[in-house]
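The two complexes that follow have chain A in common; it is paired with chain B in the first and with chain C in the second.
And then the complex of A and B:
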């Protein structure tokens, strides 16, 4: 199990290196850089000024030199400073990751609870109007873009005269305000996850319900609730975990939009602003951070198969 | 996985009847029928937008600023007096066009790469899979946002950006299917009589992968529409003054609580389009793969 986890970590690390190379090269192949953008905003563009500023930032060096310099610094734990605000990139990313992760984790928990509950209920009520209703709702929820759901939430809140307090506060500095700021975007993010989960749980439960061990348990007189939750759900969990892993990626995509709508200073907002101002160092670090989060989540998903299913545990060790 | 398990509609000899059979299956399926009706309404609205819309989507009117829905302006007007209904129709047109182009591009490039990767195997397969894995590590919207911002706002660049974000999934699924198909005896037989690899892929692989590709394609269509809207919302998608559902929503955020119709109607068009495509995907899966029913 441990060697498996280590191997995955090493692979993940290699993938991250590849991601950073691609981002690094793409950025420099495209015309327009932070210097010309900064200077044109200041309204003073002369070729000498451009060259001087570029040399100062090391942008006049060949790509390979720039990359080795940057990669060497990153390996030493130094992500450089933002080309735009001159603040350390590490601090910017560190401050932005917290709101994003909080949002994603709260959303996935809400989605998990809603999705499992609705999926199991749907399976238990198979063929009844209740089942149909739940399925219609989850089909609808899958089709509503997170973008619109977020805006609708704001519209609805405005209609009842509630406005989310601003500016953003972290959970540690002001938990009450923070929760008010996080709960609505988290719900808007979670509905898609809940819907996908509900459909999958329903079909997984129905499939398990046909299994021999379920018939045997019923014959032994195990109560309906224990039967479905203890035996059924437990065996339906593997596909559910796989789905949670893939849904986490969608959720991260969704945070980019939702953070903008709800003014949350997370990774998505940081990335968006950095991309718009061609702030290489920040964009690189932000994309790599997204990659790192995905790799860690995938690793956790793989490891949790072993926790849920003893057969997997045996095969891995 | 023998011939008996394959859907009966997949008879490589008669192509037209197969398309007809799929269509007939869709119409008979209650979900598919509903989806087809919704999608045709959306398609007609988008295709015939110039005839249906009573106003020019770019025409401004100083006297009609932020007016709520009325008989003349069904969806109301925006902050510079443009008709939201006309704009939503034209916006849907852009969304569907971008979605269609993305699907065509992902299906052809992603599908081809996936088929070759699955058929050839070996080191080429390994290289392709590692590349896909790298793209897959970063959330697709982040990739598309990055590329769209790099290339600059234009419809063409949005199509490229969304395609690059979407095609890893396509490659992965098609490759897995191709590996299954490769095991069949008729492929081995074709190889034995000396058919070249490309021909085997195109004449034997492709028809068998069509069901999977169609289902995947209709779902990717919906996702592409959502991502186009998201990119336009962020200001790196379809450039103004072209009406796009995403830019309309971005505009609406400035009037939340004052003019909710700026949010409600463009979003409804967006959701209806995605819903119809998702439902068609669901129905196609049922029609093409009776085992899952």
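And then the complex of A and C:
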């Protein structure tokens, strides 16, 4: 188990290195660098001034030199400062990661509960109008883009006269306001996850229902609840967990746009603004943070197979 | 010793299970059309026939565990005088027909045990039917059953997952689960087919031993006459979705009457070196394409033209054998 986790961590670290190289190089190929952005509001911009500012920031160096310098600092724990606000990047990320993680975790939990409930129900109602209804709804939910769903939620809430309180509060400072701020974007984010999980859970449940051990369990008179949840769902959960891992990635990317729409000062909002203002240090750190979260979540997903399936548990240990 | 022995009353005792003229359909296809059999307390009935003859469907219909789309379309299933053939699964559970009164052992223990639940968890499901609820009591009784079926380290085996046991051990666990709810009727559907030859005899002896010890009615589904001779008191021979002959084991083996039973017995290896086996040509007809008249007539060495036109009924011939053959009376003399 431990060696498995360690191997995955090493692999994850290699992925992070690749991610940082890619984001470093590609983002510098984007037209309009940070200096031209910063000076665009000043009146008279001379090429000399631009060159001088670039030299100050070290942007005149070859890209390889810039990268090694930055990567060396990062490895030493120094993510630098924002090129705009001069605040330490580490603090910016640290403050932004909390709302994002809260949003993502709440969303994945809602999606998990909705998806499993709807998938199991659909399987039990197989072939009935109820089953058909759930399948139509889940197909629709899969097809709706999160962006549109977010906007729809906001306008829908406004239409019934409800406005999410502002400004943003963390859960610790004001849980009541915080939950109002989180629950709606979380639902908007979770529907896609719920739909995908529902469809997979349904088919996995139907497949398991044909298994010999289900018939044997019926033969020893187990109740329907034990049969479908204790034996059926427990066996159907293995493919569901796999999907949950990939869905978390989708969900994380969805937070960028949802945070924008719902004005949540999370990693997505930070990244969005940093990209717009070409704040290199912040963009690089934010992308690495996303990568790190994804790697950790996938590791947790892999470990959770063992919780569900004793055969996997054995192979891991 | 009981004070009032009643040996003479034994034959009059009503059967635990009586199946009469049972027919089962999957959709429009009739897979068994006329199955009649009965089994008494303390008696082992072997249900024998080739693959596809309808043995498994028969026992699944009795337990109410037919696969989706399957349903009883005719005849009756009576357990202790109670008609149970058309009960819903919920009603079966309520009346204790699943587990409590009828226990079932399945063909492939590797697939019939839930891979993500321990043996103990699955055993507990059966034990709870007896009213046991306390954790410690469940564990104690569970371990007792596992020891009873000959699992080494019964206490430890409770916490094992099915994949951690050998094939033979899994089937022993399956037997313990089927018996733990203390049923009066035990149904074993080809219980050794999926096992190594070396442990088949052990498992069969275990089932037979348990049946005798607990005085159970046992239905053993098999396609192996060797199993029948060792395991059963009576035999029902199935062909093409019907029971074609019923008699005691001794009668069936010494004086088989029905041409199909005779063919089955002749197709057994004799053990003599170099001896040829008289194989029965052809195979069981498909459920949707049963021949007219007697289902066996296309393969029957004694078939006459009328066998293709007239369907024989399952009746007692004058020589006292229950069988399904138009020429039953001519088949009185021994081979």
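By our rule, the second predicted complex is superposed on the first by the 313 of 317 C-alpha atoms of A that agree within 3 Å, B and C clash if a C-alpha of one lies under 4 Å from a C-alpha of the other, contacts with A are read in each partner's own complex, and residues count from 1 in each chain.
Keep this in mind: a residue touches a chain if its C-beta (ideal position, glycine included) is under 8 Å from a C-beta of that chain, and two chains touch if they have at least 3 such contacts.
Because the structure is a prediction, the values reported are computed rather than measured.
When both complexes are superposed on chain A, chain B and chain C end up sitting side by side without clashing.
Contact with chain C, but none with chain B, is seen for A:310 once the two complexes are overlaid on the shared chain. Of the two partner chains placed around the shared chain by superposition, chain B is the only one that A:275 touches, whereas chain C remains out of contact. Of the two partner chains, neither chain B nor chain C is touched by A:101. In the superposition on chain A, A:59 contacts neither chain B nor chain C. Using the contact criterion defined above for the overlaid structures, shared-chain residue A:211 touches chain C, although it does not reach chain B.
In the superposition on chain A, A:221 makes contact with chain C only, while chain B stays out of contact range.
Chain centres taken from Cα atoms put the angle at chain A, between chain B and chain C, at 80 degrees to the nearest 10.
Of the two partners, chain B and chain C, it is B that touches more residues of chain A.
When the two complexes are overlaid on their common chain A, residue A:257 makes contact with chain B while staying clear of chain C. Shared-chain residue A:231: touches chain C; no touch with chain B. Once you line the two complexes up on chain A, you'll see the smallest CA to CA distance from chain B to chain C is 16 Å.
Overlap of the chain B and chain C contact sets on chain A: empty, with no shared residue. Put simply, chain A touches chain B in their complex at residues 15-16, 18-19, 22-23, 26-27, 30, 139-140, 142-148, 151-152, 154-155, 158-159, 249-250, 252-254, 256-257, 260-261, 271-272, 275-276, 283, 287, 290-291, 294-295.
Residue ranges on chain B touching chain A, taken from their complex, read 130, 133-134, 136-142, 145-147, 149-151, 222, 226, 229-230, 233-236, 246, 249, 252-253, 256-257, 260, 263-264, 267, 270-271, 274-275, 278-279, 282.
Looking at the complex, you find that chain A touches chain C at residues 210-213, 215-223, 226, 230-231, 234-235, 308-311, 314. Residues 63, 65, 67, 89, 93, 96-100, 102-104, 106, 108, 111-117, 122, 125-126, 129, 161, 163-164, 174, 177-178, 181 of chain C touch chain A in their complex.
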